[in-house]
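Letters A, B, C, D, E, F, G and H mark the chains in the order given here, with residues in each chain numbered from 1 onward.
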Amino acid sequence: MKKVLVVMGSDSDLKVMEKCVDRLKSFDIPVEVRICSAHRTPAVAEQLAKNAAAEGFGVIIAAAGKAAHLGGVLAAYTTLPVIGVPMATSVMGGMDSLLSIVQMPKGIPVATVAIDGADNAAILAAQMIALSDEALAARLTAFKADMAAEVTAKDEKVRAQFA
Amino acid sequence: MKKVLVVMGSDSDLKVMEKCVDRLKSFDIPVEVRICSAHRTPAVAEQLAKNAAAEGFGVIIAAAGKAAHLGGVLAAYTTLPVIGVPMATSVMGGMDSLLSIVQMPKGIPVATVAIDGADNAAILAAQMIALSDEALAARLTAFKADMAAEVTAKDEKVRAQFA
Amino acid sequence: MKKVLVVMGSDSDLKVMEKCVDRLKSFDIPVEVRICSAHRTPAVAEQLAKNAAAEGFGVIIAAAGKAAHLGGVLAAYTTLPVIGVPMATSVMGGMDSLLSIVQMPKGIPVATVAIDGADNAAILAAQMIALSDEALAARLTAFKADMAAEVTAKDEKVRAQFA
Amino acid sequence: MKKVLVVMGSDSDLKVMEKCVDRLKSFDIPVEVRICSAHRTPAVAEQLAKNAAAEGFGVIIAAAGKAAHLGGVLAAYTTLPVIGVPMATSVMGGMDSLLSIVQMPKGIPVATVAIDGADNAAILAAQMIALSDEALAARLTAFKADMAAEVTAKDEKVRAQFA
Amino acid sequence: MKKVLVVMGSDSDLKVMEKCVDRLKSFDIPVEVRICSAHRTPAVAEQLAKNAAAEGFGVIIAAAGKAAHLGGVLAAYTTLPVIGVPMATSVMGGMDSLLSIVQMPKGIPVATVAIDGADNAAILAAQMIALSDEALAARLTAFKADMAAEVTAKDEKVRAQFA
Amino acid sequence: MKKVLVVMGSDSDLKVMEKCVDRLKSFDIPVEVRICSAHRTPAVAEQLAKNAAAEGFGVIIAAAGKAAHLGGVLAAYTTLPVIGVPMATSVMGGMDSLLSIVQMPKGIPVATVAIDGADNAAILAAQMIALSDEALAARLTAFKADMAAEVTAKDEKVRAQFA
Amino acid sequence: MKKVLVVMGSDSDLKVMEKCVDRLKSFDIPVEVRICSAHRTPAVAEQLAKNAAAEGFGVIIAAAGKAAHLGGVLAAYTTLPVIGVPMATSVMGGMDSLLSIVQMPKGIPVATVAIDGADNAAILAAQMIALSDEALAARLTAFKADMAAEVTAKDEKVRAQFA
Amino acid sequence: MKKVLVVMGSDSDLKVMEKCVDRLKSFDIPVEVRICSAHRTPAVAEQLAKNAAAEGFGVIIAAAGKAAHLGGVLAAYTTLPVIGVPMATSVMGGMDSLLSIVQMPKGIPVATVAIDGADNAAILAAQMIALSDEALAARLTAFKADMAAEVTAKDEKVRAQFA
């Protein structure tokens, strides 16, 4: 199965992004985690992106905050799909990160998820890999059913509470 | 090859989204185009999403504006990756569409591209399908080279102009 | 008397929405409370909305946050008035929820109240039901007088304090 | 049948709000249209709201822009449901109008629709009145079916165009 | 000397607005403090504003949050200058209050100060009254000198610290 | 009677601010108009503000756009009330101008009116001067009545149109 | 004298940025103009920045819009000061460009000027170079005097007009 | 070597700005720190800026919040480059400070760094001074390498953690 490369701009993003790594592992997707700054270690970013496909990665997930260039910089050097996770900041709750990631120019998309949407980045990566992996697709279907069951359980609890 | 389903909330989105269809065709990706409203024809949306995988679609692209629920509603009924294209509006230039699409809750991602990012939605869909299609991956690499050449040509022109 | 259906996207919304339930009960309006996700349990949402009128509900109140599609999804399946309560989030204080709820397309309104406006959602629902219920209308008039008296009491206290 | 009172802060709002009046008439709902400023003719606003119930109105629709106080001022003097229509402005596309209308304090709700959502204000008012009017409820159901048919027709056209 | 009327929409605003009252008193300006809601006690608001000039008030200061209509409602009933103080809220830090107060329509201004700008509202009121009160004008000049001296003292301290 | 000093940061503001000058003249308030830049001619700004009181001005109106420092810079050098008029810009419709003007620090208020609120700046200045000028106060009362009459005339017209 | 490198993300930025080039030339500062995309030609960007100091450039000016990564990407590869010019866009008037440029992480600053602030980018570059160039410093002083004279001329014209 | 003048609008900015002073000292750049308010001590601001070049300063760094005029006011009186540091506030996380600083009019730039970007202001100042100081340029290059090494160390740690 293709691997997922999870790249963070800073180790301070790790607390949020651990949910992403955990979710990928729960789908039995092999994952590698890197700290890499678009601005402090740009050569590393370039190499990560350039070599990703050859090293067996199928999807890159990039988490960054503020002027969050990391996803775009990685996308510049690969044709693999790049998923961007805007980190919450104090500027309008992360609107700086969101706009820096999602407003990519024509030609170089970054697939953007919600602010701090670490979990959804993992699910989205799984959906992409599942396009050619029936077993993973089945795990995603089961995951969807589990989520529904969880909501149903909460629904029953609240109905009882207010009955 | 897996097909791409392009769904629009309104035929007024067609002008922007034609670039998406054209780009998909330029990659020789089979595409079907539908008008479907999350709120006016929700049953159609449900059927489109539920049947998409079985009908040979690999990716769904959903374009919508304002309270742009279409992508999320489709994603609720499928585990295929759903790409959301926020349509520009007069409210902060489409910030309503963007936030309605990108801020999806945990468990149901929508891969969001730039406001009016029709072209990038197509490229992102192609990147996903290319994960298991070497020929398409090669076309994406060629496309990237073409874009670079285009910029280089413009660079040479402007250098000459200001030399 | 027609009942009010209070639907929440998540049980984490309960703390805010309890004020809504309490207010409805204070008006002797029968109320049912449900947890239902537009994206995780869309089929439940569909059934809730489709059956609401037949089951004796007059108004639906939907509370949701971020890409808050719940109100719109419910409104797609009913002609009962749907009241949307945007939950506060960290993105501009809930502007994502507000725009996702209020900016509904032509044809399918959602009556939106203030961010975290649980109490006002209940009052608005009561106002709608009171259109054909004189006794409830009288209770609303009394409630308005009580609010005025409360302000007057505070006014007297502050006048004394600063006299 | 109860009447709907449509109040505008300025005659410049008429162009947008004519759609509201037309929609109400299409449902055979009696409607009266007034120009009334919360700030220039506050005594008129007070009288309109105080007398509305007694004069046979069931719902008040208030359209205003910028510091759009009209809906709130009317709601202060009645327990009828008040629907607020934020007029588009040049400040973030009408965000000033929207926030001034939707962010009402506890106790006095204004049911807010989309910016320039004149049509939806009419539909929402119809939904409220239909709570005690079976014939109007049936017209709303038919209207919903018509909208779906309209989308389906557009869908067929676009499918043919891209087939 | 003309008095200043300080009106708050809620007693929860008192903590911020006490600075306003204190500042007015420090200028020996007579002040009265009231709690009055534009929406819960509109008749009180009307009477306060209508009678203000006759009762010897020269300026009205109105503090309110969210859909902060209080200043505008008071201004509708008087030709005295009305100063609006937007209370901080969780929506973009009080942008709802600010826009609701400052974006008044042509004909009825509200002089708006900074979010939570209780102190500056008092100073602005003093500046207005000082137009016809030489002694107060002198106190304002002295106050300005005191502020400068305060900054100079801090400047000296920091220069010493970093020398 | 005290004069009003109208200062603009640029002659491009003149088109909007002519309404301010016209309104002041309609109240028979003597007015002087100046172009002065807080950043290009700061010494002129300083002199204008320092000398304003002595030269018989009672109020200063400052119109500026973008990083609209003019009002604050003038207020730094005078204890006269300074009214700020934020000019509309392309950044969120003038939110840059508004925030730069209204968010003044403690001690130095600028009385802010709506974006492009030239007319209201004049009325506010008139209200300030009228505190010690009964005849002007009477003109303001008449002006308020005229505005009400204007709205009433429009109301009658629209009532006839839709009757 | 050190040269200035003006880099644009797209030739569509040329219309705005010509003012920057013209202003630099008016100061007799040698300038080179390049089109270079952070995402389409990242290797060119890297080379431009890496070689800039050795090729005699003292300052880099980077103009870009939307997810405007160009300035940051260039700054990653040089210790020369990089000035960023956010291009106006339809999203809140260019707030996406502004935040993407100004919110750079610790360690790698980009000196940001106003949205579409092409002229000011040139002046800022000149100020930097003038730190070690007395003649250029003198030209900047003269330029400042010219600007003041221009404002004074406009002031005299408007004073005459309204006298 | 030219000195850097660090000016703060208030001593409450010191906590953030100490990082700026520390960073400048780490580069062996002589620095002076001042508290100076654009509005409370404008004459001091004027003198600081007018005399800065003659007193051996090469760059001015101005930190201010809310209606953050300090940078612009200093820039009005000097042709030295002025760097503005927007202080975080509760209004959209400092968007008021940012817009007040960055949106300077044509002719008078302020080089703006990120909200609370004290460290980057120091680095940017160092970059400017290094244009004519080879030793400082070398220290900046070393600093850049140190930053990269720091990221690499964190990268190795996280790779080990998730291996």
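Criterion: contacts are C-beta pairs under 8 Å (C-beta built on N, C-alpha and C of every residue); 3 or more make two chains touch, one makes a residue touch a chain.
Just so it is clear, the model here is predicted, and its values are computed rather than measured.
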Touch-network distance, chain A to chain H, counted in steps: 1
Path length in the contact graph (chain A to chain E, fewest steps): 2
Chain C-chain D separation of Cα centroids, rounded to whole Å: 18
For chain B paired with chain H, centre-to-centre distance based on mean C-alpha positions, whole Å: 42
Approximate Å spacing (C-alpha centroids) for the pair chain D, chain G: 48
Shared-contact residues (touching 2 or more other chains) in chain G: 10, 37, 40, 66-67, 89, 91-93, 95, 102-105, 107-108, 110, 114-115, 144, 147
Contact pairs between chains, per stated definition: A-B, A-C, A-G, A-H, B-C, B-D, B-G, C-D, C-E, D-E, D-F, E-F, E-H, F-G, F-H, G-H
Interface residues, chain B side, partner chain C - complex: 9-10, 37-40, 42, 46, 65-67, 69, 72-73, 75-77, 89, 91, 95-96, 99-105, 107-108, 110
For the chain G and chain H complex, residues of the former touching the latter: 2, 53, 58-59, 79-81, 83, 98, 102-115, 117, 119-121, 123-124, 127-132, 137, 140-141, 143-144, 147
Chain H - residues contacting chain E, complex: 8, 10-11, 14, 21, 31-37, 40-41, 44, 66-67, 89-93
Contact set on chain F toward chain D in their complex: 88, 92-95, 114-115, 144, 147-148, 150-152, 154-155, 157-159, 161-162
